[in-house]
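Pasting the structures here.
Two complexes follow with subunit A in common, the first pairing it with subunit B and the second with subunit C.
This part shows the complex of A and B:
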C-alpha cells in the first residue's frame, strides 16, 4: 500500500471511524483502524463488532493494499501532522506503515489486516431513504428514552418500524416512552420493523454532516446499514419482541391541559433541585387554570412552583420522576405543549402543540 | 369394696410438693434465702457442705419468729406473706405459697432456730422427714437460722439425680450471685466448707455485687443504666456490645428483687442493642426493674422464674429506650476501655466468674487449690476463651464457724473509688454526651430530632493515615491507633440515612410500562403470596401472573432496576426459614440493609485522603457509629498503652 494524501483527507476519515473503536477491548485488533487503498480512494473502517463505521476519501493511490494501525496513535499523529503532502507506505514484508511528511517520517507498527473482522456487504434490496434532518430530529426525540441498563436488552434499542410509508421510532425504558413518525422519500409498501441499538442511532446522528441531504437505510434480518455522504454505519439489530407500544398509549384522557414549554421546563428544573435524593419525585397538581409543582427534600428544602395553564378537563394530581419530564422538555421545539392525564396512576402524555408526529408517555410514581 | 381414693397424709403431700419446689440443693438455698430476704434481713450468710447435700445453713438477721409461728411455718400453706386471694394480685414478697419450708422439711433433717429481736429466748425446732421431733427453747441471735442436713435422705431417687458436686455448687453460687445483684443492699456471704465463695458488702450499690460476680475486667466494661418513668424504674449495667455472648446466661433480670427469665425483657434488651450485636449473640446485662406489684403476676409457676406483665408492650418499649439511649451516649469502640491502675485491694477481693460451673470444676481439681481462672477477658472475642490471668483467692476473711453467731463482713472500703474508676471512661472521653446522659438519668428519654449533618460527632477526633489492604482505614486518634472497616462504616452511614428517608416517605413506586417477570420456586411463591402487601409497602408492585410467575408492575423509586430481581429473591430467601407471615419491620429492615450494602464502598476500594476524612466525618454523625447494621464493629482501637506494651516500653 502506498498513497499520497493530505492531512485533512486523513483527519476526516480517522475522526469518523474512531467513534466505533472500542476504548477497551479484549480483542487487540479492534483497537485498530483498517485502512484500505483502492480505486484512488482510501477506505477507513473501525468497529467494536456491535457497530461498524466506514468512510472513504479520495487520495492518490500509488499501490493498492491495506494496513491496520492503532487508532489512538494514528489519530493523534494525524491531528498533529503538518499541512503538506503526506506519503503513506506499508513497508513491504512488514506490518509497519511509514508516514512521511517532508523531511520527517514516523513509522507505526501495525497489525495484520487479515485479522480485521470482515463486515458483510448488505443486499440493497430493502432500502428506504429519508432526509437527514428528519432522521436526526427523530433520533433526538426518541433515543434518550431508551434504557441504559443492559438488563433487558430490547429496551436499550429504538424500534424502527415502517408502516404506511412512514418511518416510526419508538423508545422506552419502561418508565417512559417516546414515539415519533417521519416521512420517507421512497415509497415502501412492505411493513417492516427492527430494534436498533440507541447508541448506534445517536452515533449516526452525530456523524451526519450539514451537507449530507439524505440518508439511506439498508435493512436485513440482523443488521441495518446507514449510508450518508461518504460514510456508512452498520449496526447489529437487537433480537426480541418489542412491547406493543400502541396498546399502552391511552386513547382518551380526563385532564387535558396546555402549558408553555419554557415556563414548565424551568419550573420542573427548579423543583427537581429539591426533590428527595435518590427519587427525583415532584408532584403536579392540576387545578382549573393553574398547575402547582411541589417537591420536598427533608434534608435540602422544598419547592413550590405555580404556572398558568389552560385546563380543558378535570382537576387532578400526579407525581413524576422529574428527570423523565425534563428529558422530554429539552427535545420539544414548540412553544407550547399538551399534557393529557387520567388520574394519578395512569400514564401521562405529553405532545408538542399542533404536531401530531410526536408523543411522549410517562409513567407516574405511586406515592402513599 | 373399700374406697380407693383417700386424702394423702401431709408428709406424702409435702414430698410431692417438694418435687416441684425442691429439685436440688440450689432450690433449698433459694427458698431459704428468699425467706430471709422477706424477713427483712440486712445480712444473710449461707454455709454449705457437700455441695449442699450434706449441709445447708442459712443465717439471717431478719425479724425472726415466735414459737407458734415457727411451728406453724413448717406446715403446708402456712405463710405470713399473704392472707387472702386478693393478695395474690399484689405480691410484694419473694415467697407467698407457703410450701417451701414444709417441702424442704419433708425431704431432709431440718433444724430451725429463730428469735425475735425483742424477745429473750429463741426457739429451736427439729424436723426429720417431715416429722417434728423437738420444739425447745434455745439461745440464738436475733433472726432465723435454718440448717438443712442430709437433703433427700428419704427420697433416694431424687438424690440419685443430683449432678456432680461441682455442678450443684455452681448452681448455688450462681443463684446467690443473682440474689446479691437483686439486693445490693443486703450483705451476702456464701461459704463452702471453709472457703468464702461470694461476699458482698450490702452497700446498696449494684456495682459491688456486679464487681464480685463478673470481676473487675468485665465490670469495667459495663455501662451503668438508669431510667425512671411513670411507675417504673430501671437500673443496672449494660455490657459493651463486644462482650455479647452466645448464650443468654449472662443476662440477669430482676423484677422487684426477683430473678426472672423473661422473653419480653430479653427481646426488649435485644431491641435496645439492635444492630450493635450480631443477631445470634446476647449482650451481657444486669437489670433491676421496679414495677408496681399489681402489674406483675409471679404466680405462674412454683419456681416463680416466669412472670407475666400487665402492660408488657409499654414495659418492653421503656426498657428498649433506656438501653438504646444509654448505649447511644457511650463510646463503644472495642479495645478502647483503657487499662487503668487497679485501686489497691482489687485483686484481694474475692471474686468469682459468671460461669460457676467452670469454677466448680476448677475447685475440685486436685492441686487447683485456691487458684482460679478469671472470667473471659474483654475484647478477646469468644466467650469461652480465658486469659491466662491467675488470681489468688485470699484466705477466708474471717472465722468460718458461724453457727448461731453474729457475723460481720470485713469489706475493704474502696467502693466509691471503684465506682468512679468504672464510670470515668464513659464520661471523661465524651463530655458532650454528659448532658444527654444526665437528662436520661432524670427520667427523660433523649430523642433528638436532629438530622445527621448537625449532630456533633460521636467519635473522637480521628486523622486518617491511610488504607490497609484497601479495606481498612488506619487513623490516629486521642487514645492511640484506630482502625475502621470502610465497608462496615459506610454501611452504617447509608443504613441510617436510608432509615431516615424511609421514615419520612418510602413506599413510592415507579410504575413500569412493561412489567418485569419474576419466576419463583414454589416456596418463594407461597411466601410472596402471603406477604404481597408488605412488599407493596416497600414499593414493589407485584401481581400474580399464574404458574410460578409474578409480574412486577412497579419498583421502589430508590432501587435500581437492575437490582430489583435479586433484591426480591434475597428478601424471600431471608425469610424462607421463618414463620410464613413476615414481620413488616423485619422485612423493611432487611430491605434497607440491602440498599445500604449495595450503595456502600466495598472492601478493596481505593480511597483518597478526602474520602477517608469524609467517611469518618459521616460515621461520627450517625446514631450508632460503632457497629455496622449487622452488629459487626465498624472500628476498633489499639490504645497507646497497648502499643507501648507491645514495644516493651512499659
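This part shows the complex of A and C:
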C-alpha cells in the first residue's frame, strides 16, 4: 500500500471510525483501524463487533493494499501532522507503515489486515431513505428514554417500525416511553420492525454532517446499515420482541393543560435541586390556572414554584421523578407543551403543542 | 425389460398409496362421527348450565386479575417480559396489562 494524501483526509476518516473502536477488548485486532487503498480512495474501518463504521476519502493511490494500525497512536499522530502532502507506505514484507511528511518520517508497527473481522456486505433489497434532519430529531427525542441496564437488552434499544409509510421510533425503560414518527422519502409498503441499539443510533446521529442531506437505512434480519455522505455504519439488531407499546398509551385523560416549555423546564430544574436524593421526587399540583411545583429534601431545604397554565380539566396532584421530566423538556422544541393526566396513579402524557408526531409517557411516583 | 420393471414399481407404489388412502378414509369417518356426537351433546346443555359456565369463567378471570394485581403490588412484574421478577418503581407495561384486563 502506498498513497499520497493530506492531513485533513486522514483526520476526517480517523475521527469518524474511531468512535467504533473499543477502548478495551480481549481481541487486540479490534483496537486497530483498517486502512484500505483502492480506486484512488482510502477506506477506513473500525469495529467493536457490535457496530462497525466505514468511511472513505479521495487520495492518490500509488499502490493498492491494506494495513491495520493501532487506533489510538495513529489518531494522535494524525492530529499532530503538519499541513503538507503526506506519503503513507506499507513497508513490503512487514506490517509497519511509514508515514512521511518531508523531511521527517514516523513508522508505526501495525497488525495483519487478514485478521481484521470482515463486516458483511448487506443487500440493498430493503431500504428506506429519509432526511437526515428528520432522522436526527427522531433519535434526539427518543433514544434518551432507552434503558442503560444491559440485563434487559430489549430496552437498551429503540424500536424502529414502519407503518403506513412512516418511520416510528419508540424507546422505553418501562418507567417512561418516548414515541416519535417521521416521514420517509422512499415509499415502503411492507410493515417492518427491528430493535436497534440506542447507542448505535446516537452514534450515527453524531456522525452525520450538516452537508449530508439524506440517510439510507438498509435492513436485514439481524443487521441494519446506515449510509450517509461518505460514511456507513452497520449495527447488529437486538433480538427479541418489543412489548406492545400501544397498549400502555392511555386514550383519554381527565386533566389537560397547556404550559410554556421554558418556564416549566426552569421551574422543574430548580425544584429538582431540592428533591430528595435518589428518588428525585417533585410534586405537581394542578389548579385552575396555576401549577404549583414543590420539592422537599429534609437535609437541604424545600422549593415552591408557581407557574401559569391553561387547564381544561379537573384539578389534580401528581408526583414525578424530576429527571424523567427534565429529560423530555430538553428535547421538546415547541414553545408550549400539552400535559395530559388522569389522577395521581395513571401515566402522564407530554406532547409538544400542535405536533402530532411526538409523545412522551411518564409514570408517576407513588408518594404515600 | 427395464420399462416393465419400472411399471411394476409404479404399480406397487400406487397400491401402497391406495392402502394409505383407505386407512385415512376410515379414520376420517370416525372423526366425523365423533364430531356429530359432540355437537349433539353440546346442544343438549340448557341455558342454566351455560350461564353457570360463563359465570365461572368470569369468576376465574376476576380471581386471576386480583392475583396479578396483588403480585404487582407486592413488588413483582406481571408483564410477560419480566413476569415475576422483582420490580423497581412502577412498570408501564405491567400497568398497561392490568388496565387492559379491567376493560
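The rule is short, and it goes like this: the second predicted complex is superposed on the first by the 368 of 368 C-alpha atoms of A that agree within 3 Å, B and C clash if a C-alpha of one lies under 4 Å from a C-alpha of the other, contacts with A are read in each partner's own complex, and residues count from 1 in each chain.
One rule holds for everything that comes next: contacts are C-beta pairs under 8 Å (C-beta built on N, C-alpha and C of every residue); 3 or more make two chains touch, one makes a residue touch a chain.
Remember, predicted model here, so these are calculated numbers, not experimental data.
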| item | value |
| --- | --- |
| When subunit B and subunit C are modelled together on subunit A, clash or fit | clash |
| First (subunit B), second (subunit C), both or neither touched by A:347 | both |
| Which partner reaches more residues of subunit A (counting touched residues only), subunit B or subunit C | B |
| First, second, both or neither for A:210, with subunit B first and subunit C second | neither |
| First, second, both or neither for A:276, with subunit B first and subunit C second | first |
| Partner chain(s) touched by A:247 [first = subunit B, second = subunit C, both, neither] | second |
| Which of subunit B and subunit C A:363 touches, first, second, both or neither | both |
| First, second, both or neither for A:172, with subunit B first and subunit C second | both |
| Listed stretches 148-156, 400-408 or 544-552 of subunit B, narrowed to the one that overlaps subunit C | 544-552 |
| Contact residues common to both interfaces of subunit A (with subunit B and with subunit C) | 152, 172, 174-177, 243, 248, 321, 347, 361, 363-366 |
| Subunit A-facing residues of subunit B, complex | 451, 453, 500-501, 504-514, 516, 541, 554, 557-558, 560-562 |
| Residues on subunit C engaged by subunit A in the complex (per definition of touch) | 79-82, 89-93, 95-97, 100 |
| Complex contacts: residues of subunit A adjacent to subunit C | 152, 154, 172, 174-177, 243-244, 247-248, 321, 346-347, 361, 363-366 |
| Footprint of subunit B on subunit A - complex, ascending | 147, 149, 151-152, 155, 172, 174-177, 243, 248, 276-281, 298-299, 319, 321, 345, 347, 361, 363-368 |
